[in-house]
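Following this message is one structure expressed as structure tokens.
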Amino acid sequence: MENDLRSTLDHIFESLLVLGPEVILSIGILLVIIVGLVKKEHAIPTLLSLLIFSFSFLFIIADWKALAEPISLFQGMLRQDTFSLYLRGLADIAGILTVLMSWRNQESQRNLSEYYALIIAAVLGTHLLVMSTNLLMVFLSLELISISSYVLTGFVFDKKGAEGSLKYFLFGSVASAVMLYGLSMFYGFTGTLDFTSEVFFTKLYPSQTPLFFIAGLMTVSGFLYKIAAAPLHPWAPDVYEAAPMPIVAFFSVVPKLAGIGVLTRFIMAINLRGAASYDWQFVLGIVAILSLTVGNFSALMQKNPKRLMAYSSIAQAGFLLIGVIAFLPQGIQFMLFYATIYVVMNFLVFIYLQYFEKNGFVSIAEYSGIGKTFLWPSIFLLIALISLTGLPPTAGFTAKLFIFSSLWEAYQLTGKNILVWLLIFGLLNTVVSLFYYLRIPYYAFIKNRESELKTNILAFENLFGFVLVLLILLFFFSPGLLMGWINKITFVFVIRYPLSVIG
Amino acid sequence: MVSFIVSGRISEKYSWAVTFVAPLFLLVSALSAGYVFYTIWGDQPYVVQWSWFTIGDTNLSAGIYLNNISALMVLIVTLISFLVHVYSTGYMAGDEGITRYFSMLGFFTFAMLGIVLADSLLLVFVFWEMVGFASYMLIGHWKDKPEAAAAASKAFLFNRIGDAGFLIGLMLIWTNTGTFDLAELAKVQDIYSWQTTASLCLFCGVMGKSAQFPLLTWLPDAMEGPTPVSALIHAATMVAAGVFLLARVDFLFTPTALDVIAIVGIITACMAALSALVQSDIKKILAYSTISQLGLMITAIGAGSSAAAMLHLFTHAFFKAGLFLCAGIVIHVLHQAQQQAHTHFNVQDIRNLGGLRKKLPFTFVAFILSGSALAGLPFFSGFLSKDAILTAIAGWKGSDFSWRWIVFIAAFIVSFITVIYTFRMIWTVFMGEEKSTASLPVVEPPLVMRGPVALLAIASVWLIVSVNPFHYHGWIFNVLHSGKHFDLGIISFISVLWITLAVATSYFIFRKKTISSELLLNNFYLDKLYTSAIGKPSLRLASMVSFVDRKCIDGFIHVSAYAQVTTAHFIGWFDRAIVDGTVNGIASLSRVAGNMTRSFQGGKIQLYILWAILAIIIFLIWTLF
Amino acid sequence: MHHYLISLLIFTPLLVAVVGLFIPAKAEKYFRYSTLGVNLFQLAVLVMMLMRYVTEAGVQFVEKKSWITLSLGSWGMLKAEYFVGVDGLGMPMVALSVFVLLIATISSWTIDKNVKGYFLLLLILNAAIIGSFTALDFLLFYLFFEFMLLPMFFLIAIWGGARREYASIKFFLYTLLGSIFILIAMIALYISVHDPSSSGQLVHSFNLLNMTDPTNFISNSVLDPNNPWKIGPLDARLWAFLLLFFGFAIKLPMVPVHTWLPDAHVEAPTPVSVILAALLLKIGGYGLVRIAFPIFPEAAMHFSMFIGVMGVISIIYGGLNAMASKDLKRLIAYSSVSHMGFVLLGLASITPEGVAGSIYQMFSHGLVSALLFLIAGVLYDRTHDRTIGNYSGLSIKMKSYTAIVLVGFFASMGLPGFSGFIAEIMIFLGAFKSNSVNGLLHESLAIIATLGLILGAAYYLWTLQRMFFGPYDLKGNIAHSSIYDLNNREYLMLIPLAIAALFFGIFPQPLINFIDPFARNFSEFVLSTGKSLTLNP
Amino acid sequence: MFPIHHFLLLAAFLFCAGLLVIIVKRNAIMVLLGIELMLNASNLNLVAFNQLHPAQLGGQMFALFVIIVAVCEAAVGLAIVLRIYQYYQTSVPDEISELRDS
Amino acid sequence: MSFVTVMFYFFEAVAALAGLSLVFVRNVFYGALLLIVCLLSIAAIYILAFAEFVAVTQILIYAGGVLVVIIFGVMLTAKISGRPLVVKHSNLFGGILASGSLLLLLSYFILEQNFQAQQNDIVPNNPAINSIGFGLMTDFVLPFEVAGILLLIALIGAAVIASTIKSKKI
């Protein structure tokens, strides 16, 4: 007992060391709040949170270098592996980008230190969620993201903001309650909370009753809600419209990373090494098709760029899902690639949406002719939107190419028709998406307006945007730079399943 | 040999700038043609080939294949072309498009020589089409005349229709033999079934070019072009190219094909002859007569005697060119006179003319000479060649009575009618009282115009064909003719009688009387038929297709785009209204109206939840059961 | 040095475009002359290439650099290369592109709205076009293929006519749809194909030449030729072929997916119409010859009758539509549909003659359609009206113009002596021969296709008759002062095209020297490979 | 030990009742109550299952944390609802609809 | 049937009834009270399921904390809006359809399922509170920490939202 305890405590201590980024973020939350109480300058919490994210990111790089084998932390609560490290790094980058965006928006922002604290908390939740191998941790970290998100939505502090918060809150709470019910069922089936453990598999394998399917579906719903996949998407447009622009950008990326990360792990777990009697590929396939359709078609008639991007993000969730659906190591790697590109291009779009919003262009119709007055921002925005559509020579194309390749490969292995349908549907939806993605540049370049606004070419946004545009182009011309990293990700879960079982 | 092509090209190029150079070049080419003719005539065919292009294992060559027929043809073409060039310098003097005119004339001669000399059918086709183009340009020479433009288009289009058939024939031949080369093709001895189709397809091209039934209506319209052009192209050479082609590839034809050819030929001959009878436009009469004569030549070919056809071609080329040029003189001088007198009437309408023999004695004589040849009076070349044709048909019809007899009789009738319309024309124009022209200061044209006419008129006498005025077996026929020799002296005799009868009839009956028949005047309403049966429907089809294109295909695209947007709206609507509306509606009917309107405002979170849950449940039920 | 000739062709315009980005928009002259300079430079490079080209040697001027090499763990490697080269198919197309682009630049001199943007887009388009004609790596090809869309979209949408927005979006959507089809097939292909040159590891390569060899397909992959999968009623390989076919057919365009073309042409500014008709359409045909047919020979044989029928339908349908067009540009656009139908017909025959004819037709149509659109543009520049019915007797006022129009029209209807004739003859030869040689097409197709020749004559002659002949008259709101004959710049762009069309009509051999070896190898390869592969019943 | 099904059935019933409340009640606070009901249903499940697998006490632990989360949610939720009252003078979610598709 | 059994089914019934009547009740205040009843009976059931600590927490935090806060909220909103606390129903049909069918599905399949088969270790234990405490400090230390952060965030969030109300008023 004594030895047990000692070894447990040692383990906890070691785990804590590995968990550096999270520790930094936790301390960061406190620091930001305390500093916010003491100092009233705007810049300080911004810089501080920037530092926190950067440190966390550096720590992740260090971890990445140090990591040889996946490590189980806190008795199977979390797993430190390259997969989660990558997503965590991505979340940190998204955090940095959000902070940078907020920096340009801070004059309209109040309660800055709380604002940053909440962002950090959401990133922390993302970190934990993508590492979680434990049902309890899944629930807790999901709630951590959710609760900070609910508050962040309302950070405009007006009627719309409050309404957005309420809607997000109600929908989110219901979704997590449903998910919780599913999780409890899984606990009942297996008696363990660690869904990556051997026990989980051996117990679940014989009990693949319809209840198992219901529970799985309920649980997955909770994750799908986080990535705003149909049919759990309806909150997204309202929330996006209500929230301040940096937060919208944040929402469109970070919770999605978290959701897709945990979804990947969990779906692999309940797919039971390919031996599940229920076809989760089919379930996700339907969800992806729905997301693509609903997202793209609903976006067609939007007049507000934020709502448009909300629907776009629903559709993009569908694309992310496609990577997972392949149920192949490559698929997941490609999904990560896609997610990375998605982060870059979405932030690029939102930077300029914010920029234009600041200059008084709110609805898409008001974008008429801004191509003339704001040449570079419009061009960068155009590139980002092309990338979202998935046309060369942008990384968006490469990413789409990759995930569809993995889908095809999966089809080649399994011969499931749903995968072909998904492939065709996904690609045809690209055509549909062109309609609305090109609406903004269409107004910007083709419609005319008389305006003699003086613009500052050397604006911060342009510098910022230029870097991101370069990234988008760079990852098209040499995706190997990124894939080189991603290739190191050995997604333990999938590898353990022999492909022959799936095929 | 090369000099032909070169001369053709040079004339094409240079006459652009210098009008006088053109006839000169033609003179050169005519002389060299004479030399060529002299060397080739009666000798072995002369063949030169260059590779044109090679695709796959097909080698398409370009070259010259000169045999008797083509040598004869070369002579005809260059000679008449030269004469027409000379004539044109007078006729077209002062025309603003004269450089264009001469260049096209030169181009035409070049292309025509191309047809004649080409060693492969493909090359023939190439020049065949070029000739059509030249003809198009020349018919439409007076561009601002809408009729001219229309006639030009029509001519080209009809030719194109024929050419399409020609092309198919070419393909058939090529697919089956793998060559276009005439010399190679001549080696094909056996009779295959494809030959019938192929040769009939080739004949389609001939129909277009030689204005055979049913593609004959373009030729009368083509008279909108300058008269020398009509003389050269639409009487002497181009239209005869069809006959020439048939003569050249006669080895390909199967008996069935020949029968068809003969029938088509005779139908054309009859129709055109009848039409010629009632026309009032001098050029149109000549045009119809040309068609009719071509019909006879074709019939001769159908009857298996290409030599007879060629002979008639030869004679016809001269006398018909002569006739046209005479008509041209009439038109030209009257025009000039009209301009001096500032009066205006249609100078081509023979009803306006009469008694011109006094004012234009030279023309009158020339016209009489050439006309007699056309009518086939004894001692004229036309008599001999027609005699050859009739003999050929007589030999072909056999002794037993069959449908071929009808052809035979029809041929006689045609020659009868020919006499009638020829003399009607001569009478109305030159004899009788002067009508509208009485007050006009009409004088004979300059020498450049009279000279060629005189030459051609002289060429209409029998001596050009053979020494014996009643026997066509002269130098031409003997060389051209090969194979079995069919001779029937009685035919000459009969035709002499027959023609005398015809002359008498025309003198006594048709001198004063004019026949008028709307049917014949409009050439059996063929044109109307084409317009209403092909032209208009195809235009209607075109507009229909365009309608389909715009409404159906594009409409489909629009509908699908619209459907997309509608779907978008529908999904949005479904999101907000259906779930919402129906649920509310069923729950409490009284609130339906209010809720429906409100439901469109959307943004109801509880409905979102309900919808999401319902979706999951539906999915569950779907999967589990 | 000559190893980099193609790269020079592709990247010079891009480089100049990048430099141009940083030049202020006021320096309009810079953009005009630099574009022209690029074109002339390309012409020089082209001449060098032509001089060094060896006609029988297959693919030449090859440049091969690794571009994307990704390890995918258990799934092998993914390899895309910068792999360019030209052969008997690519060389004529590249030559055509360089030539037509030069003409288009000359014709662009009149553009005065946002000159910078226009010429930069033109340069990008230039690079993309030449890139697609030289790429031998599917991904690279696709990159250039898609890369053409956006510049084209903006060129139409910003500098176009009244309904430019509709037209540009229609153009974009259609072609994007097509490229999505191609993308699906591309993904399927590269996953099913491995690179034989790499030993040990499985390498998925985009190399188009590798894809043509059936032995390079991974066994039991979806597109494995020896054991293809069945999806629905058809073989997976047939589906893939159909995807490629329709993808390229939209570009070609083939009836009934052609309706973007008239609109795009009518609304596009003249130089853009020229590029669109002369070059972009060719990429459809090029893609079929380069990609669809050799990779799926058995499918090509299986569908050849269908393709032939579609070709004939395009010929007739395009012709009829042209006849009904009231707008000059629309007429020319539909005539393009008709002419590209011949390309399909020739390809469907899979005979050396037919294939060579198709390529020749693409080349010839490139010259002639450029000429025709320039002609229409000349008139439009003067009067801003293209309605055929509003003109009459133009030949009186515009003599040289009419002469050029005559040349253009007759060249387009395939009069002997013009390049179109040679092409059509070869296509007819091929289509006719097909039945007896390989039994793919029925002769009746060729016979029906001759109707297209008649229709062509009909609509062109009718137009000539209505617009240029007859008494001089103008209707609508056209000022008489706006009618004047050609100026020097217009001669400069029209005459070379006319001469080229004439030259290749009279002396086809120089061009055929390029095409013929390719066409022979091509048809032999497709037929022999196609026969050796069996289709699942 | 009571049959596990009896716990589960009650939990399922409460879960559905909570859901119904959420969907039906036109008052944000009532919706909040519904959510609490649903969370409790899950808790009941967890505790019941803990009887089957008592070794790690996972179920009970989970239930404890769920209660904590419920507290957090309630706090944030109430704050939001109060703010909504501030702006809209109502707590009927349906009547709050500034945000919608245009 | 032992007393415990009776108690069990009694509390089950109470909980179920309370839950059901929550659906039908129209007054928010009554609703809150009904929920308390329901939660208390669930707490009782917890005790019967050997989860005393959870039961205590349930009573203390839930019934005592959360619901009091909620009732407080009810009072507060009532005061602001000045309207009666009667709640209308909407989407009744859809709601009943959804939750009814879900209930049917769940109960049917729960009855189908044999959970005993998955039993890990049949050690009918009486979990001591100290083992829970031990667990919280060892195995579950991370969730514990995270829960702390969660509470902090919730607090900050609530405070931010509440504070802006004040600032708005000013």
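Letters A, B, C, D and E mark the chains in the order given here, with residues in each chain numbered from 1 onward.
As a convention for this text, a residue touches a chain if its C-beta (ideal position, glycine included) is under 8 Å from a C-beta of that chain, and two chains touch if they have at least 3 such contacts.
As the structure is a computational prediction, the values presented were derived from the model and not from experiment.
Chains that touch both subunit A and subunit D: B, E.
With centres computed from Cα atoms alone, the innermost chain of the structure is C.
With respect to subunit B, maximal separation of chain centres occurs for E (centres as means of Cα atoms).
Here the chain pair with the top count of touching C-beta pairs is D-E. Rounded to whole angstrom units, the spacing between the C-alpha centres of subunit A and subunit E is 31.
Taking each chain's centre as the mean of its C-alpha atoms, subunit B lies 36 Å from subunit C. Centroids of subunit A and subunit B (each the mean of its C-alpha atoms) stand 76 Å apart. Each chain gets one centre point, the mean of its Cα atoms, and the points for subunit A and subunit C are 42 Å apart. Each of residues 136, 140, 143, 147, 150-151, 154, 163, 165-167, 170, 174, 178, 188, 190-191, 210, 214, 238, 298, 301, 435 in subunit A touches at least two other chains. Residue positions of subunit E touching 2 or more other chains, listed in rising order: 90-92, 94-95, 98-99, 102, 105-106, 110, 115, 118-120, 139-140, 143, 147, 150, 153-154, 157, 161, 164, 168. Contact with two or more other chains is made by residues 572, 575, 603, 605-607, 609-610, 613, 620, 624 of subunit B.
The complete set of chain-chain contacts reads A-B, A-C, A-D, A-E, B-C, B-D, B-E, D-E. By the touch rule above, subunit D contacts subunit A in their complex via residues 4, 8, 11, 15, 18-19, 22, 28, 31, 35, 38-39, 41-43, 45-46, 48-49, 52-53, 55-56, 58-59, 61-62, 65-66, 69, 72-73, 76-77, 80-81, 83-84, 86-88, 93, 96-102. Chain contact summary for the complex, subunit C toward subunit B: residues 170, 173, 255-256, 258-259, 262, 317, 320-321, 323-325, 351-353, 356-357, 393, 395-396, 406, 410, 415-417, 421-422, 425-426, 428-429, 432-433, 435-436, 443, 446-447, 450-451, 453-454, 457-458, 461-462, 464-465, 468-472, 508-509, 512, 515-516, 519-520, 523.
Partner subunit C is touched in their complex by these residues of subunit B: 51-58, 122, 125-130, 133, 136-137, 140, 143-146, 148-150, 152-153, 156-157, 160-161, 163-165, 167-168, 171-172, 174-176, 538-539, 541-543, 545-547, 549, 553-554, 557, 561. By the touch criterion given at the top, residues 5, 8-9, 12, 15, 26, 29, 33, 73-75, 77-78, 110-111, 114, 117-118, 121, 124, 128, 136-137, 140-141, 143-144, 147-148, 150-151, 154, 157, 165, 188-191, 199, 203, 206-207, 209-211, 214 of subunit A touch subunit E in their complex.
Remark: subunit E residues 105-106, 109-110, 112-113, 115, 117-120, 138-143, 145-147, 149-150, 152-154, 156-157, 159-161, 163-164, 167-168 touch subunit A in the complex.
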